[in-house]
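What follows is chain A paired twice: with chain B in the first complex and chain C in the second.
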Partner chain A sequence: MSFIIRRIMFYLVAFLVAATINFLLPRLMPGNPIDIMFANAGNTMPPEAKKALAETFGFVERPLIEEYFIYLKSVFSWDFGVSIKKYPLTVMDVLMQALPWTLFLAGTSVILAFCIGSLLGIYAAWKRGGGFDSIISPSALAVQSVPALVIGILTLYLFGLVLEVLPTSYAYDPSLDPGFSWAYISSVFYHSLMPIGTLAFVSIGGYLITMRNNMIGQLGEEHVVMGHAKGLTDKRVRYNYAARNALLPSMTAFALSLGSVMGGSLIIEIVFNYPGLGNILFQGIIARDYPLIQGQLIIMTLAMLTANLLIDFIYIFLDPRLRKA
Partner chain B sequence: MFKFLSIILRNKKATAGLLIVVAYICLALAAPFVTSHDPAKRVARPHQAPSVEHVMGSTRMGRDVYTQFVWGTRTSLMVGFSAGLIVTVIGTLIGVTAGYFGGVIDESLNFITNIALVIPQLPLLLVLAAFIGKSDPFMIAIIIGLTSWAWGARVTRAQTLTLRRREFVEASEQIGEPSWRIICVELMPNLLSIIGFNFIGSVVYTIITQATLEFLGLGDPLAVSWGNMLYNAQTSSAITVGAWWEMLAPCFAIVTIGIGLSLLNFGVDEISNPRLRTLGAINKAVKAQKKFDQTYKSAKGAAS
Partner chain C sequence: MRRSMILSAVTAALMAGTSVAQAEDVILTAVPHQTTAFAEVYNPFNQTSDVRSVRDFMFEQLVVFNRIQGGKAEYRLAESFDYSEDLSSVTFKIRDGVKWSDGETLDANDVYFTFNLIKEHPALDTRALWEKIDSVELVDDQHVKVNYKEPSTGLIFDVARIHTVPEHIWADIEDPVSFTNPDPVGSGPLTEIRRFTPQEYVQCRNPYYFQAEDLDVDCMRFPQIATNDQTLTAAAKGELDWFGSFLPDIEKTYVAKDPENHKYWFPGGSLVIFNLNMNASAEGNKEAFNDVDFRRAFSMAMDRQAMVDIAGYGYPTINKYPSGLGRGYHAWNNPEADAQYGKYTEYDVEAAAALLDGAGYKDVDGDGFLDTPSGKPIQFDLIVPNGWTDWVNTVQLAVEGLNEAGINASVSTPEAAAWTQQLLDGSYQGAINALVVGVTPHMAFDTFHSSKAMTSRFSVTGYTNEELDKLLDGFFKTANADEQREIMDEIQMILSKDMPHIPVFNNPYWYQYNTARFEGFFSADNAQAVPTVHDGNPERILHLLSIKPKS
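After this line comes the complex of A and B, so read on.
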């Protein structure tokens, strides 16, 4: 149990660091940060709102350390101020509308990519040097270096505009009402095919390579040789002896890749005009909506830390040594 | 140098990668000689399809796509290499210091590294770039460099830790060599392949990330770069109106340089770690042996 407690303490510190960056950045800028934040707001915001926002960000005439604690208090009470672009709405409201879509996109594609990539990696390593390995491994290397942005644009062009088989924007048909109806769910599925497909495709290569390399390391180990010597089936040696151990370092790579998958998801949403965080953020950036951009860092960090915590639990499941520690 | 080159040329992946990268470097250096227009000036009618005069067509603003592509190569490579340098220097310094000195130094540096790893990169970069304002490519290189060193530091630290226990390092300690000498003379040469891997990987990462930040509208709109080409194409909805060439050129550029650098990287990795190879040579030998066995058998059969 102490392992989990240690991890949670660590995530708390990481969260504080992200919040501190948000606190310090406006203060490091020349001029009055709140005025700069509002430079693009024009006349859409009344002066009271400006004052309230200043308080949220701790811009009150106090010593810096007190300002910091006022800011932290507002962060921990989920108050990220009001959005400049969508004025009456708070940053929290705007982000919370979009977050489920991003989690859906990133979550589904990352799990899909990890499972497919790892399975392919296991096979590539098992028949190392065979026909499958010598085709799939170099292509995985090539795919791995292609950014989500480019794949997204190319698939959008090919499937959305040339072949016209898949929708090019929105998360579901705008004429439908959200609800638990077959039409709505199938529409969501249909609209998510392209974004999830591209996102998964981009990250498969990385997982494949990691798994293949870990597997190759495992296959030379004595316990695998012993598994063969005991006359176990190939399948059993492959999955229960080699792959299970190769999965541990793969999980670490998986945890490290989550950040880039979330980044990729932001980009994909813009390309496919998907109503997630990325899209909201794109509008926010163009309007220089600083509270929104800052709130996004906090929310994304939080999502990342939660995912990491889940992975820690999986670690305990995979590695019995951690249960006793 | 020639010896190093001949080692690389023996590996197919590394050779292909090296060729692509060298081609781009030459293109970037020769930019003023291979283009005849100003990349930022209107030289054609808007959205012209590729033709003899404008080989890659023109943008919505009537700029020549080919010229922008060539000058953008300069920007991307410069940003990529400078950010890669920053990442490698910081990552190596932190990694080696943590791995070599151990104890409290290691624990605190490792803690910082882990925190930097767990905070999502792109959202952090968005906040930094947004507050800096219209970031020119150089500024983007600096912020990417300062935020992306964690992975390299982690890998370098792990390698340093294993080297630290080897006999040659312990021997140098016994004869009283100062720490700086052990680090520079004993450890560094053995870390070179990891440092190189880290550097090339960071260059790829930076080129992609710079393009992404500019695509999101956080770059300096006056700079000529692949990311700005994408941004302009996206905001003028080039794809929807059928001007695919405006999107294709920067996409092609980012993909090929990315693949080139990665191939070089993995080729070098295979050279230094033979276990990762796809065993082309051994398979060939096995096949040759089988063929030989068969002809031998049939020859024997014919004789008897």
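After this line comes the complex of A and C, so read on.
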């Protein structure tokens, strides 16, 4: 029990630290949103009008420390204010518009990558040194070290522009209205093929390698030898004896990537013009939309910490030694 | 592709209640703005909205001044305007019989109301009108009189740009600044939002439009597009009718896909210059930048033709006017300025080096680069926003020329927001920058007025000149064309002589079009007005009214 309380306290402190950094970072960037908004307008806005506008966005001149406490209050009351770039929409409105797409895109691809990568890793380790292993494992390493951007652009070019079989942009056909219709749902699926495929493809390698290495470690263990000796089928030994234990470290990586899903997959979303959180964050940073950046980072932080916390709990469940700690 | 067109036709028909007339609507596809998602904001005073078809298309101006036609007045909601004898007030006569899109009458009361609305809420006064106007009077139902603080024939360019809103609706709005105007009632050609999703919206015909007989487009469709690359992808497939974006190597990437119909026209727009900060923090730079010989040598080290051809893919218009006038204003040109100072905008590195040598610039500290006559080192970065590739390459070419002439300059590429900030707070040494051009050359030159110094990104050189101030002030104090010309001649002489900024080229107005479905587009052969579809180009209303479906 004390373990759980200690963990929760730890995460509270971590959250406060993250929230503080989140407050300071955007303010350290040069430039401010009002100047950027009007930097390209041919006329000069008088100071009074600029001030009036700044106030409507919630920028009142006051000491940093005062602003910090107002900010903290807004974080804990879950009210991030009004977006500057999308004025008069609130930050929550803007984020909630993008959130489902990101959850769908990044969530699906993380789960896909985890499942496929782990299965391939198990198989590669079981037949280590064989034909399958000597092709798939080095390729996984190679793919893993290619940036998502490169794969994304190559896929876009090949399937979108040369073969013209997959759409290059949007989450669904823009001429459709969102709703529970076959046309809409199939369009969402069709439009997600390339971004999800790309995202899953680049992270499969990581899971594959982790799983393969863990498995190889497990295969030398006595309980695996014991399983064979008992005359269990290969399949049963592979999955129930070796893979089950080898999965633990992979689970951590999996949970962490689920946590980072909230950040959106910035590059893939930009390449495929997908309306997710990463794209929104990128636009927000360019426009110095502080409230939006803060809101998004807080949500990312929360997701990350929650994922970590969950992992801690899952470990208690999976690893009996921790229960006594 | 065909599949999605059928789908869209089906959806459109379903949406419109499957009426046959609606299914035959003429729909023009345009991209006035790149964004990641649309959100419904139809407030014409909002500067940040991603819906950039509200001004001009939904809410019209009083008068549009046609920049390409020398500032010719194209009357919109106003049918005429008259100055008072002393040029200190202007009276607009509002067009008779204009109706709002809900059928109510639009008259001088609405215009009067709107002027007062932006006075009451300074955050709406984005053109800073109430800095320069004193009061507004409602003369009668058809006339509104605007009283200026000082006589001016130039203020009209801002005043007539006001987007009148309906009093019968906006009078009851508590906070017009944050008002999203969900059920827009407007005066423009396209006021009805037929469908709206974050990825696309369709804006259709105003049933009471005053110029309905000239409007041949029933609806405009605005697909969400976030980047130039995505624009190119959609454009190459022929999905876009009217747009404007930087497309690399346009002849190959766009025109070649359908040479019959894929076309573009890049008239010269904003003036691209190099700014040298005369209040630079580094002593040596400051000394050099304040010396006209140094600025002239800088200018002579600029290979403008290469900047246009190589860095700009040939899209910009070269600018060799020593004052920076630009070809778009050639009618104002003072040939005297060219004759006397034209040589300083000719690319000639040897002459630049000779000029510096004659002015006493020598390499004192032996680092291979010139130092100032008083022996201080000159070393500066030219800042350019990263990712603005045509500009980055331009600066690269500039640095090559400068290094060859013995000047220690280098390229620095901060992020756009940081670049803006350094210009605004005066911490930069040298920079590439662009000036927005107006109806007359006065707008770009007025950035040198001492009252404007450091108030915007455009007035950051620190150069002032009392004589120039007087001329700039005097330009709009007269309605006499000959007098204005004389003043402009003198302004050009001063700027050519002092060369406070170094012009290199005029950025193009980005404009591409597709004639597969429509005709009547503006082009070099049909140069009626600035052709861009972007918000901020008031002439786009004229363009829309001239576009017709192909017969």
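As a working rule, the second predicted complex is superposed on the first by the 235 of 325 C-alpha atoms of A that agree within 3 Å, B and C clash if a C-alpha of one lies under 4 Å from a C-alpha of the other, contacts with A are read in each partner's own complex, and residues count from 1 in each chain.
Keep this in mind: a residue touches a chain if its C-beta (ideal position, glycine included) is under 8 Å from a C-beta of that chain, and two chains touch if they have at least 3 such contacts.
These numbers come from a predicted model, not from an experiment.
Chemist: With both complexes superposed on chain A, which partner does A:275 reach: first (chain B), second (chain C), both or neither?
Modeler: Only chain C; A:275 stays clear of chain B.
Chemist: If we overlay the two complexes on their shared chain A, which of chain B and chain C does A:89 touch? Say first, second, both or neither.
Modeler: In the superposition, A:89 touches chain C alone.
Chemist: Based on the superposed arrangement, let me know which partner A:286 touches: chain B (first), chain C (second), both, or neither?
Modeler: both
Chemist: Just to be sure I read the superposition right, which of the two partners does A:108 touch: chain B = first, chain C = second, or both, or neither?
Modeler: A:108: touches no partner chain.
Chemist: Which partner does A:176 contact after superposing on A: first (chain B), second (chain C), both, neither?
Modeler: second
Chemist: Looking at A:48 after the superposition, I want to know if it touches chain B, chain C, both of them or none. Which is it: first, second, both, neither?
Modeler: In the superposition, A:48 contacts chain C only.
Chemist: First (chain B), second (chain C), both or neither: which does A:14 touch?
Modeler: A:14 contacts chain B only, not chain C.
Chemist: Considering only the touch criterion stated at the top, classify A:147 as touching first (chain B), second (chain C), both, or neither.
Modeler: first
Chemist: Applying the touch criterion given at the start, work out whether A:161 contacts chain B, chain C, both or neither, answering first, second, both or neither.
Modeler: Both partners, chain B and chain C.
Chemist: Using the superposition on chain A as set up above, list the residues of chain A that contact both chain B and chain C.
Modeler: 29, 161, 270, 286, 288
Chemist: Once bound in the complex, which stretches of chain C touch chain A?
Modeler: 1, 4, 7-8, 11-12, 15, 35-37, 39, 41, 46-50, 121-123, 125-128, 131, 158, 177-180, 195, 197-200, 223-227, 230, 233-234, 414-418, 420-422, 424, 436, 438, 443, 452, 455-458, 536
Chemist: Once bound in the complex, which stretches of chain A touch chain C?
Modeler: Against chain C, the touching part of chain A is residues 29-32, 35-46, 48-49, 52-53, 55-56, 82, 84-89, 93-94, 97-98, 160-161, 164, 168-178, 183, 270, 273, 275, 279-280, 283, 286, 288.
Chemist: Tell me, which parts of chain B touch chain A in their complex?
Modeler: 13, 111, 114-115, 117-124, 126-128, 130-131, 151, 204, 208, 211-212, 215-218, 230, 234, 239-240, 244, 247, 251, 254-255, 258-259, 261-263, 266, 275-276, 278-280, 282-283
Chemist: Can you tell me which positions in chain A touch chain B when the two form their complex?
Modeler: Residue positions touching the partner: 10-11, 13-14, 17-18, 21-22, 25-26, 28-29, 128-129, 133-134, 137-138, 141-142, 144-147, 149-150, 153-154, 156-157, 161, 213, 216-217, 220, 256, 258-260, 262-263, 266-267, 270-271, 281-282, 285-286, 288, 290, 293-294, 296-297, 300-301, 303-305, 308.
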